[in-house]
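Each of the two complexes below includes chain A, the first together with chain B, the second together with chain C.
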Partner chain A sequence: MSVKVVNPGLFTTIQDLGRPGYFHLGIPISGGMDRYAVRAANLLVGNDEGAAVLESAFMGPTLEFESDATVAVTGGEIPPKVDGEERDCWTAFKVKAGQVVSFDYLRRGARAYIAISGGIATPKYLDSRSTYLIGALGGVEGRAVGVGDMLPLGESAGAPEGRTVPEKLRRLPGSPAELRVLPGLYWRLITEEAGRNFFEDEWKVAPEADRMGVRFRGGRPLSFKEREQPFGAGSDPSNIVDGCYSYGSVQVPGGTEPIILHRDAVSGGGYFTLGAVISADMDLIGQLQPHTPTRFVSVTMDEALTARADRARLYQELKSELA
Partner chain B sequence: MKTRYSFGGDEHIFVEMDEEMSLDAFFKSLSISNAVRAANIDGVTEICPANASFQVKFDPDRIKPDDMMAELKALESHAETAEKRLTTRIVEFPVYYQDPWTHETLMRFRDRHQDSSGSDLDYAARINGFDTVEDFIKAHHSAPWFVSMVGFVSGLPFLYQLVEREKQLEVPKYVRPRTDTPKQTVGYGGCFSCIYSVRGAGGYQMFGITPVTIFDPKQETSYLKDFMVFFKPGDIVKFSPIGREEYDHILGEVEANRYTPKIREVDFDLAAFEADPEGTNAKLMGALNVG
Partner chain C sequence: MAEIRSPIPGTFYRRPSPDEAPYKEVGDTVAVGEVVGLVEVMKSFIEVKADTAGTITAFKVENEEPVTAGAVLAELDG
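Up next, the complex of A and B:
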């Protein structure tokens, strides 16, 4: 049983919930940028929440099915079609052997997650099927899916058609998008005024946005407190002695354009970071289109933990909805 | 040295042993991160040692951030008293300095460099006060290096040279990072050398290239069958200069899977090194000539 890739779209990769445990060697967690959408798509088609799915950025692929299957598309709104006939997003639908699934244009968000009953069954590397392009790990021979690839599928007991995720349980960023940030790490290197400006200004998502990180433009440059650069750091005030980066951490090379590290993050480097986006908002970053106006909102640890609990509750509701 | 703790969002704690780089700070970060690993704290998902800092990733649903912080602070006192001594390995790494591939790349990105008039090595030699590039290259390979961090991407080692502070080489990173760096480029930024494990973006100055594979996701390379990444923090590296002919030869041997890096077990004691850097280095490098 397999699915043939007739057209991969713009950039489609195989992702699951990732490979934790190797960040100390520079191998990031990878996995779906929008993990909530990965889980929702899998539950809709009766898979384990962490089965491998396709992550398609901005444009959907064209897939030919060799056997009957149940399919669901979640995350960014890229409406699927079966032999040209439109289907709903966030809703399970049947595909028969020989039928072709293609996609309409992107309406909202940035990345769609396509789950197929049985899950994609390419080989696991370090216990995950997630594609990590830079390290040539996972996916199809370490790369994005391409024309003519035959994607193997796992066994499935079959899942019914028509199960759907109610609107209130779908999650996409608004406009302007709001990303909550816990200030910390090397926050102390910037001036008080720069810290205020960072949260006051409206930023825009730059075209340089990928699985490693998303860059922002348009806010005022950050100024640094006067200090003597420590030995080994380098001469720019935004340089530090190379250290580890947190997922979601916000680095601002030269004080000009913030970059938020995401699932394929570099594990360390020599730029200061001013804090990190809280775990509850990481999924939203995967759904930001270029040019989306974005505000960063300063939160405390307590607020971060409350937001995390809210998000966990949302997922519990989703699970009971689809049980 | 003053330890600084900070949360990185709600899932990480970042611990900086010192703002500046030193072997002292590195040993302290390595011993605490080892102590964290040994403590087997429920909820810890990643432990990443770095040059003069380390980071722990944890699951706040299993351990409260404040409790995680308290655990780490309690372990710091252990590391204060830990011996700065290590049984490790020294590895010889052939480097083709001033090779044509990094040269082609650095010419392509000249507009992102501090000095567009010469090569990265011309610039590095000049700002470090060397009369010639050859003298600079000699300083780069005549003393061994400590792997003080593995990361950035796929098994890339950061290396810190085993010489006194006043002999340390220092260069800034590119003004704007390159979008391309050849695989296995030997780079330099701040006080660190690195070996780029894969082709890709990079901001370090480029000095040369090694024919020896250090990352193999397919694990076909004979000495990477057990694990795809070659380096780990605490490894000691001796660079040895080679020319084109030897580079081509070694590359052929690596590709035919007949190459094994020269590796010897050694002991490193920070106090002994600080008392006699040259004598300690001579002993370390001497180990490569045994057996």
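Up next, the complex of A and C:
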């Protein structure tokens, strides 16, 4: 049983929930940028929440099915079509052997997650099927899906069609998008005024945003406190002696354009990070279109933990809804 | 009247590079599959191609302006 890729779209990769545990060796966590959408898509088609799905950025693929399957598309709204007939997003639908699934234009969000009953069954690498492109790990022989690929599918006990995720349990960023940031270890390097400006200014998502990092433009440049650069740090005031980066950390090279490190990001380096986007908001970043106005909101650790617990509850609600 | 739409969101360019002439001007004819511009997203430049032939009557988006997926970039007569 397999699915044939007639057209891969723009950037379509195989992703699951990721490859944690190797970041200290420089191998990023990878996995879907919007993992809530990965889980929702899988639950809709009766898969384990961590089965491998397709992540399509901005444009959907064209897929030909060799056998009957149940399919669901979640996350960014790129409406699927079965033999040209539109189907709802966030809702399971049946595809018969020989039918072709294609997609309309992106309407909201940025990345659609396409789950197929049985899950995509390409070989695992370090316990995950997620594609890490620049490391050539996972996916289809380390790459994105391409024309003519036959994607193998796992066994499925079958899943009904028509199950849907209620509107209140679908999650996409607003406009302006709001991302909550917990100031971090290197916050002390910038002036108080720069810190205020960072949270006051409206930023815009830069078009070069990708799975490694999402860059923003349009806010005022940061000013740094006077200091003598320590031994081992570069000469620019945004340089530090190399440190660790976390998933979500916000680096600002040269003090000009913040970059939020995402699933395929590097694990350390010599730019200061002013803080990190809280875990509860990381999925939203995967759904930001280029040029989306964005505000950063300062939160405390307590607020971050409350938001994390709220997110966990939302997922529990989704699970009981689709149980 | 036919329309040429952007397949993806990003930044629209009418020229192959900053110091070259635009791919097409109003009044030019286009053939099926001919490139009329580029959209930049995720460090890639994606060619926008006409899927019908005709004469360009208007560009609906300026050079280097942001576009959304499905946005009309140009209108064609014929």
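Keep in mind that, in the parts below, the second predicted complex is superposed on the first by the 323 of 323 C-alpha atoms of A that agree within 3 Å, B and C clash if a C-alpha of one lies under 4 Å from a C-alpha of the other, contacts with A are read in each partner's own complex, and residues count from 1 in each chain.
Definition applied: contacts are C-beta pairs under 8 Å (C-beta built on N, C-alpha and C of every residue); 3 or more make two chains touch, one makes a residue touch a chain.
As the structure is a prediction and not an experimental result, all values here were calculated from the model.
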item: Chain B versus chain C as contact partner of A:S235, first or second or both or neither; value: first
item: First (chain B), second (chain C), both or neither touched by A:R217; value: neither
item: Which of chain B and chain C A:A57 touches, first, second, both or neither; value: second
item: Touched partner set for A:A209, first chain B, second chain C, both or neither; value: second
item: Greater residue coverage of chain A in the superposed arrangement, chain B or chain C; value: B
item: Touching partner for A:A136 - first (chain B), second (chain C), both, neither; value: first
item: Chain A-touching residues of chain C, taken from the complex the two chains share; value: 5, 7-11, 40-44, 46, 66, 68-70
item: Interfacial residue positions of chain A with respect to chain B in the complex; value: 20-21, 23-27, 125, 134-137, 142, 182, 184-185, 187, 230-236, 239-249, 253, 266-270, 273, 275-279, 301, 304-305, 308, 312
item: Complex contact set, residues of chain B against chain A; value: 6-12, 14, 16, 18-22, 45-55, 57, 60-61, 65, 149-156, 158, 165, 168, 170, 172-173, 177, 189-192, 197-198, 200, 203, 215, 217, 229
item: Residues on chain A engaged by chain C in the complex (per definition of touch); value: 10-11, 57-59, 105-107, 110, 207-210, 289-291
